[in-house]
Every structure is written in structure tokens, then in C-alpha cells.
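By written order: A, B and C. Residues from 1 in each chain.
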Amino acid sequence: MRILEKKSLKIRYLHRKAGLTLHVLLTLLPLAAGAVYALLYSVGLAGSLAAGFTLRYWESLVSRGTLWQTFAYSAYIMGVSIVLSYASALAMVISARGRLMERKGSRIFYLPLAMPALVLAFFAFRFLSGGGWLASLAFGSGLIASPQEFPELVNDPYGLGIIFVHFLLAFAFFSIYLDRVYANERIEEQVQSAQLLGAGYRQSLRRVVWPMILRKTWPAISLYGLFVFGSYEVPLLLGRSTPEMLSVRIVRMLSRFNLDDRPEAFAIVFAYMMLTVLLVFLLRKSKGGLR
Amino acid sequence: MKPVTGKILWALLASLFVLPAAYLLLLSFSASWHFPLLFPDALTGKWWSLGFTSRFALLGSMGLSLGIAAGVSLLSTFAAFFSSRWMALSRYRSALLLSAYFPFVLSPVVLAAATYIFFVRLGWNGTVAGVAFAHFLIAYPYAVILFSGYWNERLLTMDALAATLGAGSFQRYRRVLFPLSRGVLALALFQTFLISWFEYGLSSYIGLGRVPVLTVEVYRYISEANPHVAAVASLLLVFPPLLMLWVNKRFLIRLI
Amino acid sequence: MNETNMLKVIKLNKSYGKERVLRDLSFSLREGDILSILGRSGSGKTTLLKILAGLKEPDGGEVLLRGQPVLHLPPQKRGMVYLYQETLLFPHLNVFENMAFGLRVRKIPGSEIRKRTEQLLHELGMAGHSAKMPEQLSGGQQQRVAFGRALIINPSLLLLDEPFGKLDSRTREEMQELFLRICREHRISVLFVTHDLKEALCMGDRIARMEQGQLKMYAKRSDFIRDAATGAKKEMDFWTGIREESKMKNNEQ
């Protein structure tokens, strides 16, 4: 091939390469840069307190249990919210035989999706707190004599308020999503086939519906779970200082006057980023995982 | 399930979903509403009119948020449209798509915390440009993932066919790809708009609370114990997505 | 007939990993000729066409169109139209606009577009369907429009990749007849790829067979039939045997 021909081909090749390189820079570079900075800060090699390599911040986090506590609490909130919302949504979709969204007024399921988490958290605070609407109802019914007698539903140690908001959002999402999956995978026909082969209704639910739907939807469950795990606005308004969800803990530690908290905060940042990368890789490698 | 039980359940569900918006609407029009009142003692429009005055400047915040979200939406949608097409033609398609998942699943505020130093070095912290760029960093990967399922064999083949019929790159986009992709482009535009519009943590961290996007204002009035103006700001936040719900409910659900 | 070489392919090579799909492949095609290329699935026929169209890049070799090298040119500048088995009509354009597509991108004046498109629509028997959308057409009609869309821009070379593969046998025969008539009238040079023996024999002025990454050309049709590797003789013997068997059964009755 002659020189001019090679040059023309090369220009087209470079054009495509430039676009793909830009994509990698936009997706991986901020993450990589942030992770590297966080790691260096956490071992005393970057930042205003940098005094040389040290593992004391990591040791402090681990020995005090802060790292595990934060991750465990976030995992607990994630687990409870997702399990409750998924189970409820699945029950609804199965009882509707995958025709939930065909019902009159099914558009209401989209309403929670039209509200940002911050606004729902604000509503939940006004609704569930000791001086909130539910407490007013309890007072009016004679169940309580003062706001202090109302059970702690927000800023509580069990994260009930946080779970309530995430449940609301996830339930709406999973209802719409599972209904679509039920129809697309023709689950109803599969159930009928199973019944023709002698399976009872419960058996067909257990042996056909549940495995099929779970296999199809677990990447979505995992991804949604990761969103809840890293959520910020909801625990910011409805959580308490101990235990604290991951994102809130990180931001609070970085905003404190005690500068010693900053390297520890960046250690948590780094650990969380690595956990996310690992989970995404695992999701991808698994059967029926990310496309 | 018995029909009556089903109806009751449906009514409860509808109430649960409608309740937040209904409550906030009432709160925004109530003169005061404290424990133990079940309903406000009086209704007023003053919070709405005050909300738009220079003191609260919600209209300005809304305009700023609209501008940022519209810009982020346009840029991320079209950048992702082009890059996802190149990705579909690349033999590293799988790895390139994977690279989009990392920023997608990471908590935006943690990404902000980790990269904040770079925003400072660039002089973008506390600026509108910085906040907009930060929004772009989370909206773009989402749009790439959305488009990744769109570039199927048929569409790519049609593009190749148009090339052999003499259409250059620009013409193929103009006459074939954009017209065929109207639906998915609209979906991406709306959803990336919502990502930016709803974002609080990232906006607050990078903007240092100085960039008064609507979500930051909502939080400000909540923490200042001004629930009525917070309710007004919340309803302004909810207004565009509710409009989308009326136009096409599909635009609201984020595909994962 | 004009003896000029429209197309000359010189030692074309292409590998996918360790698999060598095209191996020093060389051949030429005269202006106005139709070359049928027969080959099994995976023999490299489609790869060859895509390289010629500019949709894939070869590992080595040269391609000359009317004596000029073309491998460095993007697809839109080669003057070679590649037609797939699927018609791939643009679903957002009606029949008229689909057919006129190539003219519109060349910024031909509107009046000329109208004239040429209507003329070709009439020639292809699609005159009354110009306002219809592709999904309103039958398979055969869609194939006519796809064909017309390629013809209207007077391509130097048409690359057809089993274009009638998805049609039923009757429609297929109609399309084959139409295709041959139009190609002869417009003197179009064609590379016609198929895995169907009968189609290969009917459609081409010359026949070639893809084998192990190379193209074996047959000077005469009889050479093709005599070559056992083509399977033509076996097929003919089979039908002859069926005919003899029926004759015997009829005589017995």
C-alpha cells in the first residue's frame, strides 16, 4: 500500500482511537486519580498532614472498628431495604400475573421516581419524627401524651427512617421493572407449562418463577443495592451520628476541624472504591451479569 | 387475592405514593403546621411569593439548576451516543463498557470527596463550571450504559450500508442514525437531565454550598428549620419530572 | 464486450487470529460482467465483499478499481455498493426516499432526483408504492427497493451477499430474472455471492468457488460442472436418477 493510502487510513484510525481514549479518560481517570490520591493521603504521603509513610490511620480505623462498623451498617441498610422492597414488589407482580402496569392508575408507581431522595427524606422526617404527622395522629387518637412518647422512627439506631425512604423508592422501581421482566420472559406461559407437567401452583412458583426472575434480575438488584449502600442524602437527614452510613461518615470526617480525621476518611474512601471495583468485576464475570 | 382485598391494597399503595407530594403541597401553602395539628390551621400563598423574592431567590436557583441540567444532559447524551457507537465497533467493547460502570455505581459524593483536590487545583471548586463538570462525570457513564444496548448488529449494518451508498459520516448521522435514534436519544436526554437535576451531595461538596442549585437550597431551608420554603423548593424540584411523567412515564425509569 | 478490467484484486490476505480467511486471493472482473462466487458458510465470501466495500481492512494485498487503488478510500468514496441478505431499508423513510437516498447525499437537484427515482421505480415495478413505508411491503418488494437504492447511484460495482436468501422460491426466481435483466440493461459489474448451486449457475457470466481462502475461477460453465468439488455433477446425477426412477415406475404401471 502506498504512503498516501496508509496516511488516509491512519487518520481514520486515529479519529476513532481519540474518541475511545476520551471515553476512557472520562470514566476511569477521575476514579483512578481519586483512588490514588485517597490512598496516598491515607498513608501520609499526600495532603497537609503528610509526614511520610505511615499505616497508623489504617490501624486506628481497624482497631476502633470504625471501618467495619461503617461498612456493616451500610450493608445492613442496603440488605433490609432491598429484600423488603424486592419481596413486596415480586409478590405484587406475581399476584397481578405480570399485568400490574396495565391496571388503571398504574402510573402512580412512577410517582416516587419523580421525587429526589432528598425530598423524600425531608418528607419522611416531617412525617415520622416525634413532632411529625404520624405522632400528631397518635396524639389525636390518645395513644401518646407528648412527642417524646412517640417511638423513634428517624435519627434512630436501626435506621428505620432511612429504610422507609429507600423501601419506597426501591419498591416503586422493582414493581415496574419486575412487571416488565415477567412479561418479557413470558413467565406466565412457563408457569402454565409447569402446571401441565404436574406441578402445583406453589411448586411452579418455587421451581420456575423464582429461579427465572432471580437469574434475570439479580444484576439490577446488585446495582440498586450498591446505590443504596453509597447513598448520602437520605442518611444525612434521617440517620444519626453513630452508627453512620458510609457516605455521610466520609463527608463528616472530611469536614471536621480535627485534621487527623482526614487521612482516616480517605482510607474509608479508598476501601469503598476498591470494594466497588471488585463488586463490578464480580458482577461482570458471573453468569447473566452485566452486559 | 380477593377483589376487595386487592382494592384496599391498591388504595393503600396509591396513598403511600401520592402522600409525599400531597403533604409537601399542603405544607407549602400552610401558614404554620406543628404538632399536634393534623392539618394546617390556615392556608397562605406567602411562602410561594416569598420564595421567588430576592431573599430566597428560588426562581434563580431553579434557573441555574435548569441551565446546568440542560447543559449536562445535552453534552453527556451526545458524547455518549458517539462514543458508544465507536465502542460497539471496537473489539474492546466489553472492557470499555465495564469502564463506564465504575463511576456509575460509585456514590457521587464519595467521588466528589476523592477528586476534590483536583477541582481545587483547576480552580473549579465553588464554581458553576465545577459543579456542571462534576455532574457530567456521573451523567456521561450512565448514558453510555444506556446506549450500549442500543447499538445492535442491524443498526450498525444499516450505518455501513449508508456508507456504501455514498453517505459521509456527518450525513449518516443526520439522515440515518439520529432519525432512527430519536426515541433512545429522548430517553437519554431526560434521564441524564434528572441525574443532574436531582443531585445534591456532589453539588454541595464541589460547589462548597456556594453554587445555589435547587437541591442545595432545599437542604439549606431544611437545616435552617424553614420547612415551608423547603417545601416550596421541593415542589419546584419535583415539577419537571412530574411533567415528564405526564408526557411519557418511560422517561422516568432508569434502566439498569 | 468491453474487455477492460473493472476490478483487479491482487494477493488479498485476511486473518482472524490464527485463522487465515483469505490467502493471497487474486482475481479480476471485466466491466459489465457478473461473477458468481459459490462457497460454504465461513469460507470467507462475506469477508471478501466487506473488504472490497471498505467495511473491513485487509492484512495485505491490493484492490484496483478501473486501475486505481481503492483500499485507502472510505466506503462512501469507493463507488461499490454492498447489499446484505437483509434488505435494511431505512424504516423512517418511505419507498421513494429510500430509493433516492444515494442521490440526496450527493446533493443532486430535487427535480433530477424525482425524475430518476420515478423512472427506476417504474422499471422495478414499484411505481404505485412510492409513498409506502418499508413495513408495508412484502419481502420481494423490499428487495426491489433495496436493489433500486443501489442502482440509482450508478455504482462501479455491486457486491451482493446472498441477496435472495430469505425469499420463498417463487419470489426468488422472479427476483433473479429481474436482477439479470436490469444488470444487463445498465451494464453493471457485479460480484454475486451465494451458497446455492443453481443460483450460482444461473446468475453469473462466470463462476468461481471459494476454497481455503482462495478463489478458484472456472473459464467455462462445463469446467465448473465437471469439477467434483463443486457438487454440481452430483446434484445433476441425483435429479437424473429421480427422473429415471419415475419413468421406470410409470412404465411398470
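As a working rule, a residue touches a chain if its C-beta (ideal position, glycine included) is under 8 Å from a C-beta of that chain, and two chains touch if they have at least 3 such contacts.
For clarity, every value in this text was computed on a predicted model and none was experimentally measured.
Novice: Farthest chain from subunit B, going by mean C-alpha coordinates, please.
Specialist: Centre of mass proxy via C-alpha means gives C as farthest from subunit B.
Novice: If you average the C-alpha positions per chain, which one ends up nearest the average over all of them?
Specialist: The most central chain, going by mean C-alpha position, is B.
Novice: Centroid of subunit B to centroid of subunit C, CA atoms only: how many Å?
Specialist: Measuring from centre to centre gives 49 Å for this pair.
Novice: Roughly how far is subunit A from subunit C, centre to centre by C-alpha average, rounded to an integer in Å?
Specialist: Spacing between the chain centres: roughly 53 Å.
Novice: Between subunit A and subunit B, tell me the centre distance in angstrom, where each centre is the average of that chain's C-alpha atoms.
Specialist: Their C-alpha centroids are separated by 17 Å.
Novice: Where does subunit C touch two or more other chains at once, residue-wise?
Specialist: 74
Novice: In the complex of these two chains, what residues of subunit B are touching subunit C?
Specialist: Residues 154, 157-158, 160-168, 171, 175-176, 179-180.
Novice: Which subunit B residues qualify as touching subunit A in the complex?
Specialist: Contacts found on subunit B: 1, 6, 10, 13-14, 16-21, 23-24, 27, 34-38, 79, 82-83, 86-87, 89-90, 92, 96-103, 105-111, 113-115, 117-118, 137, 140-141, 144, 148-149, 197-198, 200-201, 205, 215, 218-219, 222, 227, 230-231, 234, 237-238, 241-242, 244-245, 249, 252-254, 256.
Novice: Within the complex, which stretch of subunit A touches subunit B?
Specialist: So the residues of subunit A touching subunit B come out as 16, 19-20, 22-24, 26-28, 30-31, 33-35, 37-38, 95, 103, 105, 107-120, 122-123, 125-127, 130-133, 135-137, 139-140, 147, 168, 172-173, 176-177, 219-220, 223-224, 226-227, 229-233, 236-237, 246-247, 250-251, 254, 265-266, 269, 272-273, 276-277, 279-281, 284, 290-291.
Novice: Which residues of subunit C touch subunit B in the complex?
Specialist: Contacts found on subunit C: 53-55, 74-76, 78, 80-84, 86, 88, 90-92, 101-102, 104-106, 149-150, 153, 159.
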